[in-house]
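Each of the next two complexes has subunit A plus one more chain, namely subunit B in the first and subunit C in the second.
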Partner chain A sequence: MYRYDEFDHAFVRQRVAQFRDQVARRMSGELSEDEFKPLRLMNGLYLQLHAYMLRVAIPYGVLSARQLRCLADISRRYDKGYGHITTRQNIQFNWIKLSDMADLLEILADVEMHAIQTSGNCIRNTTADHFAGAAADEIEDPRVWCEIIRQWSTLHPEFSFLPRKFKIAVSGATEDRAALRVHDIGLQLRHNEAGETGFEVMVGGGQGRTPMIAKTIREFLPKAELLSYLESILRIYNQQGRRDNMYKARIKILVHELGAENLAELVEAEWQQVRESAIDLPEAEVARIERYFAPPPFEVSADADLDAARCGDSEFDMWLERNVNAHKQLGYAIATISLKPAGKPPGDITAEQMEVVADLAERFSYDELRATHQQNLVLPHVRKSDLFEVWQTLKAHGLASANRGLINDIIACPGMDFCSLATARSLPVAKEISTRFADIAYQQDIGDLRLNISGCINACGHHHVGHIGILGLDKRGEESYQITLGGRSDKNAAIGEIVGPAFSADKIVDAVETVMLTYLDQRQSGEAFIDAYARMGREPFKERLYANN
Partner chain B sequence: MPIIKNGTVVNDEWLSVDDDAALPADGPVIVSLSRWQSETDLLRARTAPLGLLVESHEQIADIETDLSAFELIALDFPTFRDGRPYSTARLLRERYGFSGELRAVGDVARDQFLFMHRCGFDAFQVEDGTGLEAWLRAVSEITIWYQPTGNAGGTLSILRDQLQAAE
Partner chain C sequence: MKLEIISANRLSDGRVVYLTRDGDWSESIIDARSARSTEESAALLAEAERAVDDGIVVSPYLVSMADDGGAFTPLRFRERIRLFGPGTHRSATSKLSPQTGR
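Right, the complex of A and B next:
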């Protein structure tokens, strides 16, 4: 993974000192809360219902054991002994004191971490395929370009006061695990006919109150020219994005209003000028960054067969089935650590668990970890013959839920329990659903399913792209929950359709079960929920959900 | 309001003239883009220095060929949240080669100085009471940059290059 050189270190220290001064000016009263707000947001610090919440960046989800131990330490010293993995592959702490902030950032800087641009109207943490550098279906490692984007976007003086936040995702694999099409910019690494590598550039996807699927504005961009092209898109957006209404300020609205073709033309014209400037990195600099992402020293003689790893323990076999994915290196596998045990808030991890996972990463995964936008962790490089031992350790610490990609692998925002924007709670709904479906055999019978919950229209819980989406609303002071069906964030990305009137808090879990039962009754052999929905449409679900009304 | 220019407090010798006010016979004035467009000949005929005020929604690409007429361009920030003038500043400096005074006016406060400076602003109309010391501190808080903007000095790839060359 990328390591800071002396300049990166010096930069982050300067940024911490700058923020320390801003905090001091706030605490002395020199800055009002109104003046301080944009400054703290640029450093990931939110004022929530109970306390400050700090969002620490995990650039493109890549983490080392030392870094995770540091996060464990921070959660003990400055929080309540746990952290929360977010849908931007970051980690949040919910109980931070303003007076601790600068010291906390110093501690993060010691392990090459920061909270820069995890909020605010700027370019946010770039996300990536969480199997990057490991996946069997990878064309090229996207992390090199994620790091290049991270550096370019960090305190970019021109793009720190954009009309609205800006999110970029990158994938280098055939399967889209990075939800490219619901990002402001989605970048897909691919080969052209000449065999060169470049990016397909998609623009204008997003969720929130006006969900949209991104449009491709360039089929193939030579990868060496990525930054000049991104700079051109951002400049057009900065100049022409709407600033009169914050709900219409994302680039998706600009794409919608101009039309993708017109935007593509504007970007192309700007790019012809920008590409002449010094923005694209010299080859030597790209090569320098590439070296950090060289594959670890895999053992060639490792066992090839996953079946050989089975040992007759049905629980372990189930975990292998669900949580282990194919690796590009013979004899290795990718193991997903589910942070979705039944009855617990999705994505929460205790300090002790962080330390256990850090140890495992060090012993079994070349000191590498990933955080996923589905709020789990990943050990990217595990020898197949080590999987059983890894699983045993995970199991001993409540981390072996065999439910990756099943109904209980819920994405949920923090909702009204923590967030001041929320209109309803999401964590209790997630807990109730995961308790209702706790039986792993039941989950497995249902099969592949993505259930996402947001506590308000801002859609931080990605409900628009859940196969089942749940949106928490406030109806005359009562929490109520709207169900959408058929959303997805993969290559066939689609926005879910609202199935009908919302359900009250005490009816929503029954409603989810009704959807499941409808599917189970009517599915064809081997048909996943999302495929059954594509075949049958909304009606059969709607009929059964509202049968008694 | 005080002006900080190139790291010192200077007297503002420029008079901002409203669109409906008469032009003074002499002395440096700043006029709006629309006034420049409607009274180009009259303004060109003056011998005193001419300045241009550009609102954040106005694009300067249209008047690229006029830029040599101005010794000063003031870019207005109606609110600090409006980031459009940062793009305008970079275009003026880097694409159109504008070398006169580039002045930030409007909602211009300490925690934006650094970004503005980096985009090519060299003059800042600041609130009364914003001391030079605060400005000097603000623009020196970060000295290492990942992006080549404004004047490209001090970016990381240049520093890394120098390091490699020295090794």
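Right, the complex of A and C next:
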């Protein structure tokens, strides 16, 4: 993984010192809240319902054991002993004191972490395929380019005050695990006809109150010219994106209003102006960054067959089935650590669990970890022969739920339990659904399913692209929940359709089960929920959901 | 009848606090001073704004309450969440204990 150079160290320390001074001036009254708010947001500190919330950046979801131990330490010393993995592959702490912030940032800096650009109208943490560098279906490791984007976009003077926040995702695999098409920019590494590697560039995807699927504006961009092309897109957006209405300020609205072809022409024209301007990195610098992401020293293992890892323990076999994915290296596998035990808030992890996972990463995964946008963790490089021991340890610490990609692998935002923007709670709904479907055999019978919950229209819980999406609303002072069906964030990305009127808080879990029963009754052999929905459409679900109204 | 109190977040740690009868700020709603007229509410808000200037709290505002036989209850759902904290069970009663304010 990338290690800070002297510049990185100096710049992060400088920011900590600046923020220490800013906090002191706020506490002394020298700065008003209006003056201070943009400064704290630039350092990832929000004021939420019950306390300050700190969002720490995990660049493209990559963590080391040392960093995770540090996060565990922070959660104990400055929070309530847990953290929450977010849909941007970051981690949030919900109970931070303003007076502790500078010391906390100092500790983060010790392990090459910070909270810069986890808020504000700037380029946010670039996300990536969480199996990057390990996936069997990978064309090329996207982390190299994520890191290049990180360095380019951090405190970029031109792009620190964009019309609105800006999110970029990169994937180097054939399967889209990074939700590229619901990002402001999605970058897909691919080969052209000559066999060269470059990027398909998609622009204008997003969720929120106006969900849109990104449009491809360039089928193939040579890798070496990524930064100049990104700079061109951002410049057009910065100049032409709307600043008069925050709800119409994202680039998706610009793409919609101009049309993708017109936007592509503007970007191309700008690019022709800047592509020779030395923004793009020299080959030697790209090669230097690539070296940080060189594969670990894999051992040639004899037990290359996953079946050989099975040991007759049915629970372990279920975990292998659901949570273990194919690795590009013979004899190795990718293990997903589900943070979705039944009845618990999705994405939460205790300090003790963080330390257990850090130990496992060190012992069994070359000191590498990933946070996923689906709010789980990943051990990317585990020898198949070590999987049983890894699983046993996970099981002993409540981390072995065999539910990756099943109904209980719920994405949920913090909702009104924490968030000052929310209109309803998400976490209690998630906990009740996961309790209702706790039987793993039931979950497996239902099969592949993505259920996403947002506590407001800002859609941080990605409800628009859930196969089943749930949106929490405030209806005359009471929580109510709208269901969407058919959303997806993969290569066939689609926005879910609203199935009908919202359900009250005490009816929403029953409604989800009704959707499930409708699917189970009418599915064809081997047909996943999302495929059944594509075949059946909304009506059979709607009929059954509202049969008594 | 109109019944309002003042809530805010404490500057130093962001915790939910209520303006008390003696002009201080408390984490317990039972200590909150109530206003029963527009004039009283305006006076409370003015006092709270002084606490903003003094760097004690952030963003104070009026919270509408229901008086249910001596047990105060915030009318808005959001305020009940702020009062009870996260993780409140969905079916939890929205009425507060007059003794504890929770």
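The criterion applied here is as follows: the second predicted complex is superposed on the first by the 548 of 549 C-alpha atoms of A that agree within 3 Å, B and C clash if a C-alpha of one lies under 4 Å from a C-alpha of the other, contacts with A are read in each partner's own complex, and residues count from 1 in each chain.
The criterion applied here is as follows: a contact is a pair of C-beta atoms (placed from the backbone, for glycine too) under 8 Å apart; a residue touches a chain by one contact, two chains touch by 3 or more.
Owing to the predicted nature of the structure, the values given are computational and were not obtained by experimental measurement.
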Overlay on subunit A: subunit C relative to subunit B, clash or fit: fit
Subunit B versus subunit C as contact partner of A:Ser99, first or second or both or neither: second
Subunit A residues touched by each partner, larger count belonging to subunit B or subunit C: B
Partner chain in contact with A:Ser504 - subunit B first, subunit C second, else both or neither: neither
Apex subunit A: angle to the C-alpha centres of subunit B and subunit C, given in degrees as a multiple of 10: 80
Touching partner for A:Asn492 - first (subunit B), second (subunit C), both, neither: neither
First, second, both or neither for A:Met416, with subunit B first and subunit C second: second
Closest Cα approach, subunit C to subunit B, once both complexes are overlaid on chain A (Å): 20
Complex contacts: residues of subunit C adjacent to subunit A: 9, 11-16, 52-55, 58-59, 75-78, 81-82, 85-91
Subunit A contact footprint on subunit B (complex, rising order): 59, 80-84, 86-88, 90, 94-95, 109, 111-112, 114-116, 118-119, 137, 141-150, 152, 156-157, 159-161, 164
For the subunit A and subunit C complex, residues of the former touching the latter: 26-29, 33, 47-52, 94, 96-99, 416-418, 425, 427-428, 432, 474, 477-479, 505-506
In the complex, subunit A residues that touch subunit B: 5, 7-8, 10-11, 14-15, 17-18, 21-22, 35, 38-39, 121, 151-152, 154-163, 235, 238-239, 243, 273, 277-279, 281-282, 284-285, 288
